[in-house]
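This report concerns only the one structure given below.
Going in written order, the chains are labelled A, B and C, and every chain counts its residues from 1.
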Amino acid sequence: MLITIIKRDLKCVSHNLSGAIQPIGFFIIITSLFPLAVTPDPEALQSIAPGIIWISALLATLLALDTLFKEDFIDGTMDQMFIAADSLYVIAFARIISHWLFSGLPLIVMCLVIAMMLHIPAYTFDALIVSLLLGTPTLSMVGSIGAALTVGLRYSGVLLTLITLPLYIPVLIFGASCISADLAGFPWTGQAYLMGAMLVLSITLAPFATAAALRINMS
Amino acid sequence: MTSHYTESKNHTPTPRQIRNSWVWFHRFGSSSYFYRVASRWAPRAGWCALILMVAGVYMGLFVAPPDYQMGDSYRIIFIHVPSAWMSLSVYILMAVSATIGLVWKMKVSFCVSRACAPIGAAFTFCALVTGSLWGKPTWGTYWIWDARLTSELVLLFLYMGYMALDKAIPDRSTASRATAVLSLVGLVNIPIIHYSVEWWNTLHQGSTVFRMDGPSIDTRMLIPLLITTVAMNLYFISVLFNRVRCELLDLERRTQWVREIVHG
Amino acid sequence: MSTPIKDTHSIDAHTSQALLSVENLTCERSDAPLFSNLSFSLEKSQSLRILGPNGSGKTTLIRTIAGIHKPALGQIRWSTGPGNRDNSANKPNIAYIGHTTGIRGELTALENLEFYARMTGNLSGMSPTECLEKLNVAHCSKLPCMRLSAGQRQRVALSRLALNQHDLWLLDEPVTSLDDQGIDLLLDLARCHLEAGGMTIYCSHQSIHSGFKNDTEIDLRNFKGDHPQC
């Protein structure tokens, strides 16, 4: 069931590639705005780069969240899947995985390019990638709750942002500090462990909350 | 319970529930009962809050000695600290009553949760404003990214998200249940946010920021603080009860007991 | 069913053989009751038409039976035979056609149907393509569904009905935007379904009941709640 839904999402994306790469385009644009707005000075950029990358990743994830359940909800696929699967948990979990595959994963690949543009030295790439690998699934998990809560609303973008961003703060703090610590030559494993803990916690709890929220909006 | 009150079916205790001696719980779940209790206690709590507040503020301003470090400017804590405490405990109450509503399908407890949100947000706002006013003489700036102020700010965002979601969903019962889930998620997140912000703060600033907590506080300062805290709690109860009354009247507008109240 | 059903509205007397029995169902929308104390039961090969004006709760009733909407009160019981009260072991195989098609625009008709075949199983022995042929939309099976007309999309949605031998069809205005040929094809399919022992609950403002072996009707106006909507 899980695999079936993910496979379907893969097919949807392959038919609609331009829609799928929008979050990545968004990520690149946002990150390139910072040097324009703040300073192109390599040293200054380097010091704020972890924040830039993480805030952009946050917003790019958020952008893709709006349609996480809404399309299925509006065209009635959610009803059909619910009748077939009898469990919204599975549906929610599958959709979260798809969301991460199409927004989080490409972001991690893309961030290496962005990191070079922001003059992040190559020796911090491991911290960068580990923090994003642990952080972006957490963002997908936590964000899915907000997406499920607002699934019945036509214009929910701003509301979704308002609900979700405060919940993202811990990930933002530890994610950015992971990279900053490595930049400064400090060990960053502590932050990585904490992010791992948050990931485990969110995998354990978030799909239940998401499923409950979907159920509420369906009946 | 008198016979002319037609109750919503969810709230009438069944024999099994009575045997479990949860009667009080289900009685509070009954809208009309809660309405009557709230009507009786809201004004009393309100008057007590007013008296205690006047007494507490008087003691705080005139009886308590000035602080050796900050002089008189510290006196804002008699408002600031209770509001900060209230802001958090109101959120907890909001989430707990929402959970009760989800589990036992009690409309009253959804109403309590819903009524908590704006009051809690007001307390949070009050704590933020007094905090930044206090910051000016203490730190020389209105805003400093202190861990507590930042946590308080995030709490305000959480309240705002709750209220925005509540307003956005047109269907009443869907809105109550959706916001209940959100408040629960927020409740799980509050400690995580709090500790991550605290950790972030020590990383960036060191913990040199002046702290008012700890047992070293003078008794003459402690007593007015406690009095204003009690006053704020009573004020909260009073406002909460009044808000819940309005909520209940609106929610149960089709039932007999509301019609009797409205039409005399 | 071994439990006796006590109600006054029961349409069918042979409740002992009922596969589906709805007991004292009350449904609410926005805290206002739509209908209350609705009871009926359905046997093999029976169909039930739900009547009622707009806003009387037809869709809500159908979605409640589908398990999507939660009733405020009452029960929906399933039994696979006399004496079998264990509903959880034998999950009824329900097909639901609602106002929304459940068809993804990005995917082709065939991909949509293949997805459902994998989700719900494909036990009728008909391949997804054959199911599309049943509704005469096989020629556009390779097109993305967003390029199909509303009627064609509805046909794709209806071809889901042929994927399985369903216990129950729940059809909510199934012929909206269908042409005469489409309606005939649906009715053919429905006839086979009823002959194979399936049940159907449907509502429709067009008169298609001539095609169903129209056993029973319920009018939701007779079950209106005590409190008016406004």
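The definition used in the following text is that a residue touches a chain if its C-beta (ideal position, glycine included) is under 8 Å from a C-beta of that chain, and two chains touch if they have at least 3 such contacts.
Only a predicted model underlies this, so the values are computations on that prediction, with no experimental measurement involved.
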| item | value |
| --- | --- |
| Between A-B and B-C, the pair with more C-beta contacts | A-B |
| Closest chain to global C-alpha mean, per-chain Cα centroids | A |
| Distance between the centres, which are taken as Cα means, of chain C and chain A, whole angstrom | 38 |
| Separation of chain B from chain C, taking each centre as the mean of its C-alpha atoms, in whole Å | 47 |
| Inter-chain centre distance, chain A versus chain B - centres from mean C-alpha coordinates, in Å | 32 |
| Residues of chain B touching at least two other chains | none |
| In the complex, chain C residues that touch chain A | 63, 66-70, 91, 94, 96, 98-107, 111, 115-116, 118-120, 144, 160 |
| Partner chain A, residues of chain B touching it in the complex | 154, 157-158, 160-161, 164-165, 168-169, 174, 177-178, 181-182, 184-186, 188-189, 192-193, 196-197, 199-200, 203 |
| Residue ranges of chain A touching chain B (in the complex, touch as defined) | 145, 149-150, 152-153, 156, 159, 162-163, 165-167, 169-170, 173-174, 177, 194, 198, 201, 205, 209, 212-213, 216-217 |
| Touching residues on chain C, where the partner in the complex is chain B | 28-32, 72-73, 227 |
| Partner chain C, residues of chain B touching it in the complex | 9, 171-173, 251, 254 |
